[in-house]
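The structures come next, written out as structure tokens.
What follows is chain A paired twice: with chain B in the first complex and chain C in the second.
Let's look at the complex of A and B:
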């Protein structure tokens, strides 16, 4: 089909990269924002702007709240579709499992419970169906944070980067998974295509013609951050491997069940409830014991995850995990107690080599550790990925625009309009959401849903604008939509910190002098982005003016 | 505070290492110092220094964090340093002349 290996690799890189690039752009950008998801949450929910808190007392504070959690309506409706016969009434359901997870960056505590469903599942491969419920609290006094307030960072941008919020048939996970696979392919084919990977390692020549300088930038951001790109695409696939290859469920059901039985024998942690009621001993005492044992191992630390399995049953047990603040792994050193007596059943042994590597790969991507330099490096890596993808689009267009203009093909016009929407349009939608967050009335019911609608609407408008303004592409000129959206972005990026000041009183002088970085940091990044957007818009205007001259006087460009 | 200083030193070391590796290339040397490019002895010295600086950076990272985290910090510091050196070469190449000093002085003298 192709005359050389390099040409066939070029074909794969170009076409797969183009199609999946739009998805990867969103994955890389919203993934970069997710590095500071908790901080974005603080900006978006001003009543949670206080210092991170440790795990509060289970006995006094958490248990009554756990017992009061009701199943979420959507989760209940979802489960109803998956089982035979009607479910028990929602408010009568009994919680069998509790969990609370926190990190060194969380002032609020996320709590969830899982409710047992007695009905037989329709899918013969599934043992049990569960219904879930959850609440977010202020751990200082247990007050619930309203679900109407959307955690824009951790509940919108973060899931957007791996699910695209496309839940029908889990389609979002599959699209992102496929895009991650193509990312790996694009990295390998990109290295094959690149003739001067070492000689041009440090090369960026912005004064050369656009096609050359964007290719420089594409190669530079792709090559220097190659390990980052590779590891994040790869670990993303590892994290969701269970969805793509469900080996512990449907694929090898018998083996999976046998494995569960062996695990139960090995660990002494009951897989099923006994069906006999039993009380719950003091969990606070178990936490004290767990911390004592960590300190004994010279790994003193805070509680990261606290869970109760088979609550209220004689087989119940409590698991206390150490927060992985100083490690790449999320949590570890789990210690498990018999719920009714508080005696230790099991102290997790050192993970096997394979499990250790898996934990490291997962933790590397999910990054809940305390290391601000590394967190910013991740943002840098993610944004380098965005630049790499965006310059890929521009190179594609630059290379073909004259030829397409001559032949009257609309190909690059469509690609360019989509690229505008995927690059500046995505930024406009993101900041519009922050602006909407500050403008919507505080007590608006389902406020978060409105913020989400405004985000998608802004993105859609950006796409329509890009399509509408794309006519100059037919004459091989640059679309003015790029510049217009940069200017819109600059306005929005100034509006967001101003509105934050007006609505909360937390202006930059105050947040900086108090050293409250979650809000100060986001405000500063927004202002910096406004500055960059203005510079880019000015540069684009010069470019458009030069093109105009070229159009009137074709020889001028060769002078 | 000690950790912050050690990590800052690791960053400087990565950036210096990348600058030396870039200067060992003829095109970049000419951007920074002009002239005919580095002598063969200078190329060898620049490459050795570059490799040593990057190794020193790894060693500094390992002294601050658990090895499982230190390798991530180091790899990312290399990426950041390479970008910083590339953009310096684009817009302010003369800034890198300090790294070329002994050899550029020898070439000039």
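Let's look at the complex of A and C:
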């Protein structure tokens, strides 16, 4: 098909990179934001702006709350679709499993219950369907935080970067997975295309013509963070490998079941309930014992996850996992206790080599460790990825725009409009969501749903605006949508910290003097972004003036 | 990219890379698991090992699909190889 290896790799890089680049842009950007998801949550839910808390007392505080958790209606409806026959009534369901999860960055505690469903699943490869319920509390006194308040960081931006919030047939996961494969492909083909890889580390000629300096920047950001980009795309695939290559169900069902039996015997942790009621011993005493054992192994630490399996049953057990704040690898060092007596059943052994590698790769991606500088490097790496993708779009357009203008092709016009939406439009939508978060009435029912709708609507409007303003591309001139959206972004980025000040009283002088970084950090980043957006808009205006575009002052502020 | 590429071989090659590559990755995963099980490796361990390698294999065959001269060979190796490895895995783990 192609005359040389290099040409074929160039073709793959250009076209797959272009098509999946729009998806990758969102993955890299919202992935970068996810590094500080808990901090964004604090900004978005002002009543949770206090210091991170340790796991509270299970016996006194958590157990009564767990018992009161009801199955969530959506989860109930979802489960009903997956099983034969009608489910038992929602309010009659009894929880079989509890879990509470916190990290060194969480002032709030996430709690969930899982309810066993007696019905037979429709999918023969699934043995149980569960209905879930959950609540987020202030661990200091157990007050529930309303579900109407959306954790924008950890429940919206974070899942967006791996699922696109597209849950029909897991379509979002598959699109992101394919995009991740194409990221790997683009990195390898990119290296093949450019032989002078070492020189590209140090080459950036911003004063040259746009096409040249954009390509420099594309190569620089791609090469400098090459291992980072590769690892994130790769580990993302490995983390969700069970979704992408679901071989167990159709091919190894018997082996998986046999494995579960062996595991059950090896660990002594019952896979199924016994069906005999049994009480629950003091979980707080188990936590004390778990911490004593960690300290004995020279790994003193806090509890990250606390779970009860088969609650109220003679086969019940309690698992206490350590928060992995001191190492990269995903670690649990779980200690499991018999629920009825509190005796230790099992201390998790060291992982095998393969499991150890898998845990390390997963841990590298999920970063549960406590290291703020490294966290910022993650953000920088992710943003370098965004710059690499965005400059890829611009290079594609710059290279072809004159030729397409001559031949009357709309190709680059469409690509450019989509790029505006994927780059500045995405930023506008993100900050619009933060602004909406501060403007919507505090007690609005389903407030989070409104925030989400506003986010998608803002993004859609940015796309329509980009398409509407794309006409100059037909004359090989730059679309003014880039500049207009930069200015809109600047306005929004100033509005968000101002609204935060007005609605909560937490202005920068206060948060900085108290050293409250979750809110101070986001406010500062927003203001910095406003500054960058203004500078970019000014440069774009010079560029447009040089192209001989008429000045369009009134238009600049319409967004 | 000035001259137009003939669309049928191109579409066929893209499909071969994406779908054929996936079939190959599936077959590879299954076979690694089946062979590991034969060696007495624990199922969970075998699956993790296969998953760690599968995406690198997919990446390699995806690129090969575009660089190989013969499109027929690409289809035969990826589709046929994937089917053969899957069949071999099923044969290895069949209950005796």
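Everything below uses one rule, namely that the second predicted complex is superposed on the first by the 541 of 559 C-alpha atoms of A that agree within 3 Å, B and C clash if a C-alpha of one lies under 4 Å from a C-alpha of the other, contacts with A are read in each partner's own complex, and residues count from 1 in each chain.
Just so we're on the same page, contacts are C-beta pairs under 8 Å (C-beta built on N, C-alpha and C of every residue); 3 or more make two chains touch, one makes a residue touch a chain.
All figures in this text were calculated on a predicted structure; none of them were measured in a lab.
When the shared chain is aligned, chain B comes close enough to touch A:378, but chain C does not. By the touch criterion stated above, A:516 is placed in contact with neither chain B nor chain C.
In the superposition on chain A, A:450 makes contact with neither chain B nor chain C.
Of the two partner chains placed by the overlay, only chain C lies in contact with A:181; chain B stays clear of it.
In the superposed model, A:251 makes contact with chain C only, not with chain B.
When the two structures are aligned on the shared chain, A:173 is found in touch with neither chain B nor chain C. Which of chain B and chain C touches more residues of chain A is settled by the count: it is C.
Across the superposed pair, chain B and chain C touch chain A at no common residue. Of all the residues in chain A, the ones that touch chain B in their complex are 199, 201-206, 220-221, 224-225, 227-228, 326-329, 360, 364, 369, 371, 373-374, 377-378, 380-381, 384. Chain C contributes residues 1, 5, 9-10, 13, 18, 25-26, 29-30, 33, 37, 42-45, 47-52, 54-56, 58-59, 62-63, 66-67, 71, 86, 89-90, 93, 95 to its touches with chain A in the complex. On chain B, the positions that touch chain A within their shared complex are 7, 18, 22, 25, 27-28, 65-66, 68-69, 72-73, 75-80, 82-83, 85-87, 89-90.
Against chain C, the residues of chain A that register as touching in their complex are 1-2, 5, 8-9, 11-12, 14, 178, 181, 184-185, 188-189, 234, 237-238, 241-242, 245, 247-248, 251-252, 254-256, 258-259, 262-263, 352, 354-355, 357-358, 361.
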